[in-house]
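Have a look at the structure below, then the notes.
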Amino acid sequence: MSRGLKIVTIGGGSSYTPELIEGFINYYSELPVREIWLVDIEAGKQKLEIVGNLARRMIEKAGLPIEIHLTLDRKKALEGADYVTTQLRVGQLAARALDEKIPLKHGVIGQETNGPGGLFKAFRTIPVILEIAREMEKVCPDAWLINFTNPAGMVTEAVLRHTSIKVIGLCNVPIGMERGVADLMKVDPSRVRIDFAGLNHMVYGLDVFVDGVSVKDQVIERITDPEKAITMKNIHAMGWEPEFLRALNLFPCPYHNYYYKTGDVLAQELKDAEKGETRAEVVQRLEEGLFELYQNEELATKPPQLEERGGAYYSEAAVRLIYSIYTDKRDIQAVNTINHGAIEGIPYGSAVEVSCVITKDGPKPINVGKLPIAVRGLIQQIKSFERVAIDAAISGDYDNALLAMTINPLVPSDRVAKLILDEMLEAHKSFLPQFFDKKEESLS
Amino acid sequence: MSRGLKIVTIGGGSSYTPELIEGFINYYSELPVREIWLVDIEAGKQKLEIVGNLARRMIEKAGLPIEIHLTLDRKKALEGADYVTTQLRVGQLAARALDEKIPLKHGVIGQETNGPGGLFKAFRTIPVILEIAREMEKVCPDAWLINFTNPAGMVTEAVLRHTSIKVIGLCNVPIGMERGVADLMKVDPSRVRIDFAGLNHMVYGLDVFVDGVSVKDQVIERITDPEKAITMKNIHAMGWEPEFLRALNLFPCPYHNYYYKTGDVLAQELKDAEKGETRAEVVQRLEEGLFELYQNEELATKPPQLEERGGAYYSEAAVRLIYSIYTDKRDIQAVNTINHGAIEGIPYGSAVEVSCVITKDGPKPINVGKLPIAVRGLIQQIKSFERVAIDAAISGDYDNALLAMTINPLVPSDRVAKLILDEMLEAHKSFLPQFFDKKEESLS
Amino acid sequence: MSRGLKIVTIGGGSSYTPELIEGFINYYSELPVREIWLVDIEAGKQKLEIVGNLARRMIEKAGLPIEIHLTLDRKKALEGADYVTTQLRVGQLAARALDEKIPLKHGVIGQETNGPGGLFKAFRTIPVILEIAREMEKVCPDAWLINFTNPAGMVTEAVLRHTSIKVIGLCNVPIGMERGVADLMKVDPSRVRIDFAGLNHMVYGLDVFVDGVSVKDQVIERITDPEKAITMKNIHAMGWEPEFLRALNLFPCPYHNYYYKTGDVLAQELKDAEKGETRAEVVQRLEEGLFELYQNEELATKPPQLEERGGAYYSEAAVRLIYSIYTDKRDIQAVNTINHGAIEGIPYGSAVEVSCVITKDGPKPINVGKLPIAVRGLIQQIKSFERVAIDAAISGDYDNALLAMTINPLVPSDRVAKLILDEMLEAHKSFLPQFFDKKEESLS
Amino acid sequence: MSRGLKIVTIGGGSSYTPELIEGFINYYSELPVREIWLVDIEAGKQKLEIVGNLARRMIEKAGLPIEIHLTLDRKKALEGADYVTTQLRVGQLAARALDEKIPLKHGVIGQETNGPGGLFKAFRTIPVILEIAREMEKVCPDAWLINFTNPAGMVTEAVLRHTSIKVIGLCNVPIGMERGVADLMKVDPSRVRIDFAGLNHMVYGLDVFVDGVSVKDQVIERITDPEKAITMKNIHAMGWEPEFLRALNLFPCPYHNYYYKTGDVLAQELKDAEKGETRAEVVQRLEEGLFELYQNEELATKPPQLEERGGAYYSEAAVRLIYSIYTDKRDIQAVNTINHGAIEGIPYGSAVEVSCVITKDGPKPINVGKLPIAVRGLIQQIKSFERVAIDAAISGDYDNALLAMTINPLVPSDRVAKLILDEMLEAHKSFLPQFFDKKEESLS
């Protein structure tokens, strides 16, 4: 360890990378990074070079002895890694556009981590991440895999259930909620603590504290106002019916809009789609702008425009996590990790998103016990869906895929599920060998 | 006990009563009923007399020494009762019509035991049944309460949680599924056994046996065909996507259509409503016809037309249950009873619908353990809804009522939930003192 | 099946066999047994012939077309078997004598299914039963294994966890308790039902019914009197402190003496041992007498002296179980079967002894839920012991064996545990290859 | 809060008080204590004054503006308190001597927190602590009750189950184990973290870390050596059989000697008793010496001799806990708190001793999940005992008291349990009104 840490970032050509680089620069005094390997695939080579060069300029400007390596050779990059982060997108934004548009054609929400879109992102992504994890088992079995790739909950659970790699799923929703509360309450974020529990993109704040004193009631009261809702760049804030939120008595995450305001979100999405403003389309344009900026040889810092991209606090979340593991910090962060009874009723071995003490031995969930009765059902239902979805993602079993699609609460019937499933399987065919190669096999 | 049993039927003026009388006649040799008290309220007095007189003619024709008492004095009827059955309908069919129509106006399924309709039936019914149970605590504390009143699961749970009365919730869905399998497989019903588990109107056959040998695969294969679906008079059979049902690998109940085919059922309901054929309207006409028949002084048997009414096997289910309790029969029947770990993940103290050994000491659930992962979520979600709904039904708390409505999986958003809630509260106002009297109170 | 059933009894030379034969004769009209294979090992060949010939005379006298086969070729016997029963004793009574005597030397109870003796019987037996089960996987994978071999709980769990064979552990304690209650209450046994829950030789009657009405209080009151205790031939009845039993408020099994009266039982055992009357010695003499009787060519029925042997109701229990499986009887019997949540707090996959509905698909436990708090701990402790013991029995790991011995509640310290362990390992060496061959291996 | 904190210490005349005062002095800069009320009863008045005067001299020497109040008026002391600590001993050391000696007469371990002695300490103490908690409900409902009074687990659970007061049970065993590891590993205590789980005086280190890296194997290896055992002043270190401890694979607490070395500890106790060196006798002499020292008007610091008394790190544990609550520190400490699923299998609502994050909102247990199978049973058994014991302590029910005594794993039979129970009830009669007044009542 004395030689410093080796960090590997899969999907290193992502527009998010400058966020991450900035984080490592900021934490350098306590987190001695020696080399950062940015890995991408052939199709992403050009972006990798643009981003990689920006990264080098940032490091240089900071005057730090961190080496930046750019490579398409994943295995070589992984050798001897200490921390591996993933931020890849199988099929890139074009696939995301399909995830968003096909369901909408059938009157179903199109979103990249929820509903049919989330299911297909899982189908495309899980086999790739498992391949990475199995590679890690060989060349860096003790490294931590920090997975930022969506759908982060399902991807993390797949790695937990099917490999021996130490994995943590990371999302910027919890940190965003904490910063949102800090803003609302006008206090420094370090004074805010939220008891998080749930699943990725289905996490609740069970209680909210400033300096250890609950401010949950005030937070609930304020966020019923759509102007004060705490949300993400990719989610329209719609506020909440005040009586509903009071009785729920929890701090919902932005993605709960998809479940408690399904009809309204769907209407908004249809409107956006008509205007050519699905999230994929918006992001496509943002990305183009960003990469143009990144190519500017004068640029040696993260440009402020990146914040529009949606990954707010990603740098903070990822680097803070690695830092706390490395230093055995024992501070509290919400991550996706294995459930060993932390949340009652969620099966042992599943991924949950929960406040944890971060130690060198990994995240230790703070006990939640029984979730409030009003949300227990929805969380269980999403977990049911995730389990069936993971199985289908790995086996490529059509029937299980249809089962997953049908039990997803955003899908209105087995019939519509089948329509969407068939259309999406066809559309994403080239990224879903598990569903297609097998069939051919069975024909021969 | 030597003097024979005293049976009390609340809602005795119901068109179902001849079913029940027929049952007691058939079982008389082993179930020595001495007197049957048919109880109704002032508004139902006329029907009570029509039905009561038919009951007397049936008994007379059978040549049995059973006394039929007709009364509006519930307390007197309950004194010293051995078994109390309930088949009441607060607000009668007019209220049902509202439960079905108001949600439809907002694009939501209108059904008397599911969605907003089920919620309001619970709001109207639970306080009345609790009043009966509390009366029983005083005048017949050892009697069994056999509750057939819908929503039977929530009503049963309310009695379990809030009184000391021994209660069993009874539904004709499980017996109907067994008979359906017997028909499909062309065997006598006594040779069929289904491992039932779930909630009322949300029950699954985990496995299906003929002579102890599983025939689940055959049953699943056949019921994908809408012609062979096993259903109820009040539910349109729609069949199932074969791949979905195979992957689900369970025998769903007819009410699962509302959850796995939501969109299609809604479309059908809207069509029916346009034609003036909501279920309430259909039943209204059936009832009128039945009561005309019942008035025929020549009639001394249950008329076959009653089967159209929807309560198929009700007589069989109710009387068989009382018989098995009375004789300590130790046979297997599916009923709604208290969960003490029979189904993992459902809270202790909740009502579940599950196969039980029926003894004089009550139903003893056969252990289920963990439900299959694919259905665990949906059942939990319905149970979440039921718990919040029961609390709201008792407290009359508006916020909780909105919470219940919003988390119901058939309702698309908190906003629509509020619209429906407000309209239904107003429409059913006279039957919902818990929501209104309190408010006036707080004004004074 | 039309050709009749093939029954295989491993350890067929046991003195118990006439019990079993009598059972099959009595049930023949409903349980069409075609052939019974009595299997034994070389060392038991003589006994096998004596018992086998008696069996043949019994069948002949009954005038039934059941074939009796005697063989040392276990695999041949198992081919195509429908039901396999085991009643073997690895090391025979000589090993039992050691199980009883060695612990006593160290001031610890010596008993063949509890404490150090039970542990070593498990060490000797589990590998042999697993070998049989693996043989069954090949030649009769659908047969039921009815295991009567002690320690029945641990042996059953080992088969459940490590093979695919359908196994049921059977003990005559529950049936003995039911018969004891029938005697006490002077009613026919068919009118008695006990809600059994616990582990083998650690089972409680949670409630006791006659005709479905609880008589637990009367039973508890009576059995505080040692004269009225319900016990086994091999256990001295000692009665109970009345206040203790009232507060316990359960019907303990005879083996609970070892745990709630440890000191007194130990004192009695030491006295018995001094007089040469350990159970092994008593049984040795009984067995000799029995085999002398069995050789009498005039004898063609089970001799009454067999009842002294201790296996009362064994015939009844074993044949009744096979009969109920075969006919899908759906009656209630207490057996050792897999726990899938029937008893909360006992791990899934463990063997529990619990009242079950017996079907052709196997035993279906009646749900128990949470055990009364006062006994939850002891049962968990025994289960902890059993789990560690099973692991050690299979792995032959010395450290685990010492752990099992030390956590057994009858053993006073890790130090004494080690003394007993070392002495017993040496004494039983020839039957414990898993502990010894391995060590030699690691030397080479 | 700006005026500083009010601390109340019940049992303020204890010889431990200088420990506590020293703690408050050391933490004063971050924990602004305004006044400390030392409360005692009439019988302890003299000691209270001796200790109180020493406390005043200590504060004066430290030059801090903390007021020391000495009083027998508990209610007045409690008014407006912020933190209440208890260190009382009902019946003083004379009662402890009986707890130790009476069981020994019957061949049973005599110890003040385990076995019959622990049971009677609970019987004497629980009613008094409940009285204090009920007083707090009236005059300082928001204060934290930091209970140091043994048996701390049972006392804490009684307060949790029967009052609304926020209570934390505190023990110096965990901190002692951490310091012991720090010594063994020659590192600063702040670098040691132990994952604690279990019950008070029945806690295990599930894992042991230095700087976040597990050193459990080294710790286990070393403590098999009695010279290196980590123990308490009141417990003879005996070391462990190495193979046992390796297979157990946990770090036991000193009190586990009573359960895993019962026979050896008993032998040692009998030897000590013969020499007049029971712990009560030793402590009696230590106390006399301490109070002589305390009277020395020159003394203005905690004398080093106090360490012999047994409460090592008590000051550290208690003050550190109050400090972390007050400052919302979010560090990790092991305390006795309510179980809400933190340890699976221990009932919700029970007290458990577990590593917690300490916040202003109280301790938040780090999730444990399933305990290792080998210890699950023993912990459950002790919890069974504790639950029955608490019930008996409150109700004064003789039968339940006998049940508790009998199921305690250190007691050999119901018969011996009754002998000890009867003798101890008589001996402690004046402190057990719940057992005696009631009986008289029922006679009148």
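We just call them A, B, C and D in the order they show up, numbering each chain from 1.
Just so it is clear, a residue touches a chain if its C-beta (ideal position, glycine included) is under 8 Å from a C-beta of that chain, and two chains touch if they have at least 3 such contacts.
Quantities reported herein were computed from a predicted structural model and do not represent experimental measurements.
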Mutual neighbours - chains that touch chain C and chain D alike: none
Chain A and chain B, separation of their C-alpha mean positions in angstrom: 44
Chain centre separation in whole Å, for chain D relative to chain B (CA means): 55
Chain C residues counted as touching two or more neighbouring chains: none
Contact graph of the chains (line, ring, star, complete, other): ring
Sites on chain C touched by chain D in the complex: 107, 240-241, 243-248, 260-264, 345, 347, 373-378, 380-385, 387-388, 397-400, 402-403, 406-407, 409, 412-418
Complex contact set, residues of chain C against chain B: 193, 195, 207, 209, 211-214, 328, 330-332, 340-342, 344, 348, 357, 359-361, 364-370
